[in-house]
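I have a structure I would like to understand better, so I am pasting it below and will then ask my questions one at a time.
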Amino acid sequence: MTVVREAVKATLRAQTIETPSWGYGNSGTRFKVFAQPGVPRTPWEKLEDAAKVHEFTGVAPKVSLHIPWDEVEDYAALAAYAEDHGLRLGAINANTFQDDAYKLGSVCHPDAHVRRRAVDHLLACVDIMDATGSSDLKLWFADGTNYPGQDDVSARQERLAESLATVYARLGEDQRILLEYKFFEPAFYTTDVPDWGTAYAHCLKLGPKAQVVVDTGHHAPGTNIEFIVALLLREGRLGGFDFNSRFYADDDLMAGAADPFQLFRIMYEVIRGGGLAAETGIAFMLDQCHNIEAKVPAVIRSVMNVQEATAKALLVDHDALASAQRTGDVLAANAVLMDAYATDVRPLLREVRGEAGLNADPVAAYAASGWSEKTATERVGGEQAGWGA
Amino acid sequence: MTVVREAVKATLRAQTIETPSWGYGNSGTRFKVFAQPGVPRTPWEKLEDAAKVHEFTGVAPKVSLHIPWDEVEDYAALAAYAEDHGLRLGAINANTFQDDAYKLGSVCHPDAHVRRRAVDHLLACVDIMDATGSSDLKLWFADGTNYPGQDDVSARQERLAESLATVYARLGEDQRILLEYKFFEPAFYTTDVPDWGTAYAHCLKLGPKAQVVVDTGHHAPGTNIEFIVALLLREGRLGGFDFNSRFYADDDLMAGAADPFQLFRIMYEVIRGGGLAAETGIAFMLDQCHNIEAKVPAVIRSVMNVQEATAKALLVDHDALASAQRTGDVLAANAVLMDAYATDVRPLLREVRGEAGLNADPVAAYAASGWSEKTATERVGGEQAGWGA
Amino acid sequence: MTVVREAVKATLRAQTIETPSWGYGNSGTRFKVFAQPGVPRTPWEKLEDAAKVHEFTGVAPKVSLHIPWDEVEDYAALAAYAEDHGLRLGAINANTFQDDAYKLGSVCHPDAHVRRRAVDHLLACVDIMDATGSSDLKLWFADGTNYPGQDDVSARQERLAESLATVYARLGEDQRILLEYKFFEPAFYTTDVPDWGTAYAHCLKLGPKAQVVVDTGHHAPGTNIEFIVALLLREGRLGGFDFNSRFYADDDLMAGAADPFQLFRIMYEVIRGGGLAAETGIAFMLDQCHNIEAKVPAVIRSVMNVQEATAKALLVDHDALASAQRTGDVLAANAVLMDAYATDVRPLLREVRGEAGLNADPVAAYAASGWSEKTATERVGGEQAGWGA
Amino acid sequence: MTVVREAVKATLRAQTIETPSWGYGNSGTRFKVFAQPGVPRTPWEKLEDAAKVHEFTGVAPKVSLHIPWDEVEDYAALAAYAEDHGLRLGAINANTFQDDAYKLGSVCHPDAHVRRRAVDHLLACVDIMDATGSSDLKLWFADGTNYPGQDDVSARQERLAESLATVYARLGEDQRILLEYKFFEPAFYTTDVPDWGTAYAHCLKLGPKAQVVVDTGHHAPGTNIEFIVALLLREGRLGGFDFNSRFYADDDLMAGAADPFQLFRIMYEVIRGGGLAAETGIAFMLDQCHNIEAKVPAVIRSVMNVQEATAKALLVDHDALASAQRTGDVLAANAVLMDAYATDVRPLLREVRGEAGLNADPVAAYAASGWSEKTATERVGGEQAGWGA
């Protein structure tokens, strides 16, 4: 048991959660964006906030960028700035949905000029990856249609495939495409990559450097996400996660806030499929909007929620589970899983943090650090970062 | 049969559909608002657009306002301007979700000062109603919470009831509250008026001048909206509709675009319950966002969709239906309904328009009018109307 | 803190969970019912199984009956048999969906003869209540339609109201109607009591002895059940629960199995609204189908899941929560709730059981009791109890 | 225009819709199966009913069988009997969900003996295909789990792949596997083939003789089915349809009854992708349950609904649509589609029937034929066909 406990702790120590630069900026709904004091005004300030999350949790050393929201003149300098703050730059998220040209789509647009513009942006993102040392090009396309008949579903797939192929050809040896799917929004009738099956089919055709990203908020009601995780892992096509949570549509709440049991089941499937091993390269990213809650502590809390789900999943007694499954003892098998889930893993995680020289309570430590007050005071003037919708 | 046809035509001629001032402005999703040329810059210009819809359809003489989006100095002048354009001002829509104070709610906010501010706004809207001659105060509250524990569900109901009572007391004799419910968005965990039951319970307590508004996009997946319509009509608590359509969440697409059969079923229940009779006072309003499609023709199209659904519902052979229902002939009863739905009512509506001196094809007539080109040329400079999110 | 702990333990000791007689019988889906060895063949044997659940959990002293599945000649004798086994008979569940006459409905059927037949059955159930000393008539109506047009929605409401009024008039002083709603199934287009609003509206008209039952599996996808619980409690119209859980439709899985966090949130609202107090009379019932898992231990497990959710909800620090809510600290308020949820309450419950002279582990104790083997051996021949669909 | 009309009529004349043998038998929900008079007692009598559907519609010459529900001694004789009645035998539907051994699954069961039993059944179905001349083995697996932890998701996929490979190897040259997916039911936590992506991935690995079947009732709420149709067509992996309709879960109502616009959109994508061409081999099957409505006329009605959706889809003006799509005119493109949908195609279909020597009104013709009365009188005694759940 002690052996298990130590192994669990070692795995938890090794865990890496990537936080999104945009999670530190303002965000909201189509109805209103409520600005918050102290919000970063530049990519550099976002990195400073991200550094705080890593400082207090110890497991968030990577930051995803979003282009053009995080556009800077010198990406190498940005990477160096990250490193100075104990961070690395992670996935580059392309944005092909905010240019006026993209009203009817980007890489799937009927007009070849618009598609070219979008592809050029994607290629520019790979250039940025070269500069930052990022390996992951994360692609989420807002492309789709709002009305039946608006465009040709099949032709849009053709254009998508062609656009992706162009970008794929540009990837460096250690670079990959992480292709994200989403059920709906902002398109309201068809979405060009609406489900894992579509993303998977495109990745298969592109080649081994294309993998699927599972955003936990991007599914139809009732979808069994952990099933998809198990399948993609089995196929070697799980590239990573965009963690967040939701009760309804793509609510982008803090990971683990809406359905902590689901997050546990997902992490269980990740572990069952060997997905925590570094060599699988699965990126554990957050993708959230902190509309009404304080942003840095919300990210901290989300990181902790992922840690707790992971810890519980690591505690599942695999032998007991396998045995109950083999004998078809439904209740016993379920009980093994639930036993791990019912465990309060917070003491274990406090221990892990203590042994790593961290405060056992990251939320309290952050609050005590004065960072929130400091940024609220100092980050005055300029334009706060946001989505720019 | 000719008699029926004439009665149907008379009803269609008498139909009144209210269009929303904000439907003529820019709108979008949290990801992007795509501006369109020629979009109105003022409430006055919105009325001019609305007048075009009425000019070509003949059944859209009323316009809902949204305060503060349609704030003007002199509401009586606005009403007069409407009249000059053949219009009347309809429901006044209050907005208690875009002030920075409303981050955690308005009439349900834990802080009494914020609630007071919100109630004051609602009272000011009644003042506007006095000036415009509007009878309807339409209340949709964005109030709710994003996270479990964030606030006390029951206390929020208490505050809501108190706020509503204050406003109700201020209503003039011919004024009423139309209380709208919404499943979710922008709140992501609880919404303070999430369903018809909650709206109905509040209306019951307020009194006869409080009625429920059914926004067709504000329900859980799979909800049978026409059932709710039938129930509210039966209880005398159906105040009106916010028509629009959706495939997923609150997509706010053109009415009848996503599920024309549903719109037909709704109109059938309206007619079955006597809801088309003017004395019921049911307001048939649109509440839509034309994010990527041209706005004025989209409103025209929506009005026509409501007309077509109404026409089909009017054609249902009530005697045949009642007879099949009485004898429990499931297929025959369904066939009677479907027979009306399968009918192409466009010739009938063209006839109705022709007899009213209108072009039989409102979309073509609008296109030929040059209004779109004219506004695109002339409405230059200033700030286009939008949601201001 | 010790004081709190003792109060929590006292509450947990006083908790009463009612188990359903049909949960001990065979059940399945429309595709197949898999029979299990040892399943009771009579209501008397069901009571024996229920007695085991109470013997090992200490909190399940009541059993709901379902008529005609639990039809016996002498209900007083059945009540006495229950008492001999340490049990009381709880709610009487009426069945107006399995008679061939009910193909198109029961209390809402277009034919008055069928309605009369259904009402007679309900009245007979009240007779049974008189004999068994049950106070609750639980009414779930399978009534509805499968196709648009099949019957008149409003007329069916009228018939429903009339039928309910007849039954209500027959209730004894300490008897009540518990009216259940259900989103869909077995009807596939309209259901005559599809949501809490409809049930509530009928209860209002009937009088104080009519209350709403919340079956946790009977909602549209995404519905916030705890919100409904809070509302009904506030209105004094929450009569009880049918606990079970689901991932999709009305899956009738073990309570707490699919979304333990939801069950916790529901129990939190119950406690917040004072609903655990005996005088509120809220019935905490299970309504489940153990299709593939062993039945008695599945009921035990469900009872324990409700206990654990209750224990966690009791641990919420109300002062800290209220304070965070008052100051609008979203993260702090959520953290207070999540702190209670993250707690492993199993040690506490083991303690409660130990102090009550029970084995700390009901599942293990039941397994060791040999009851399962004994019934499998002895209950041979005859017809196993089931739904008789 | 006349040319188009003639081409449309030719296509409608050539259309083939396959009806399911089980659609003529009794069916119901888990709550109750309501038996109907005149229901067939044998596969032979089911064919007689199916022959009536073809006699009056002219487009339903094929019948799907379900084994073991349609087990007979001599399948060649059954095929000959079909031919005598103007029919051909279509897909053979395997059943691996009603044997007691399948409680925890069939081809995915943890126990190799159970899997072998299931695979043997599938191989036996191919034998039957050899005897009947059927080309399609339709596989729907009820396999899945009800509780988290119950079995290993990934191991079940492995077993599924292995089982499928064995069956695939046995297929004759002109035989194929049609693999069906289903969101949930009867399994309530995981389903082993829950979505088109999973079915597609398995088909890819099996080879060209494995294709996906789209059952219109087997999707998550809100799923865009026509998108899936377009994708599978594009990939050459659309094997066929199980048409039916639903408002909620897998309601199995008559095709086109719940959302006729959706059926039209699906048929539009079929036509757009060339799927009506005989050489694509797409099987247009019905898979429905007529629980409360008369069965033969319900099948007739469903066939007509598919015909009407097809006719409308054929009327879409492709040039106008393509042009509007190319220029990004959202409203115009939508209008082209809606124009076809709004058309009343019943006169056209009456014409098609008349020219084929059929009564223009199949429902009335069937009613007048006296078949219903005849079977009700003559099919007395014996056991009515049903699902045998």
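For reference, chains read A, B, C and D in written order, and residue numbers begin at 1 within each chain.
Assume a residue touches a chain if its C-beta (ideal position, glycine included) is under 8 Å from a C-beta of that chain, and two chains touch if they have at least 3 such contacts.
Molecules present, by chain and UniProt name: A, B, C, D = L-rhamnose isomerase.
Just so it is clear, the structure is predicted and the values come from calculations on it, not from any experiment.
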*Could you check if the interface between copies subunit A (L-rhamnose isomerase) and subunit D (L-rhamnose isomerase) is built from the same residues on both sides, meaning over half shared, or from different ones?*
same
*If you tally the C-beta contacts, which comes out ahead, B-C or C-D?*
B-C
_Between subunit B (L-rhamnose isomerase) and subunit C (L-rhamnose isomerase), what distance separates the C-alpha centroids? Give it in angstrom._
39
*Rounded to the nearest whole Å, what is the centre-to-centre distance of subunit C (L-rhamnose isomerase) and subunit D (L-rhamnose isomerase), using the mean of the C-alpha atoms as each centre?*
38
*Which residues belonging to subunit B (L-rhamnose isomerase) are in contact with no fewer than two other chains?*
103-104, 146-148, 183-184, 189, 221-222, 224, 247-248, 257, 292-293, 330-331, 334-335
_Of subunit A (L-rhamnose isomerase), residues touching subunit D (L-rhamnose isomerase) in the complex_ = 103-104, 110-111, 146-154, 157, 183-184, 189-191, 194-198, 200-201, 204, 219-224, 226-228, 230-231, 233-235, 261, 265, 269, 272-273, 321-322, 324-326, 328, 330-331, 333-338
_Residues of subunit B (L-rhamnose isomerase) defined as touching subunit D (L-rhamnose isomerase) within the complex_ = 221-222, 224, 247-248, 257, 259-261, 292-294, 297-298, 301, 308, 330-331, 334-335, 341-344, 346, 363
*asked:* Quick check: in the complex, which residue numbers of subunit D (L-rhamnose isomerase) touch subunit C (L-rhamnose isomerase)?
replied: 27-35, 97-98, 100, 102-104, 142, 146-148, 183-186, 188-189, 221, 246-249, 251, 253-254, 257-258, 291-293, 387, 389
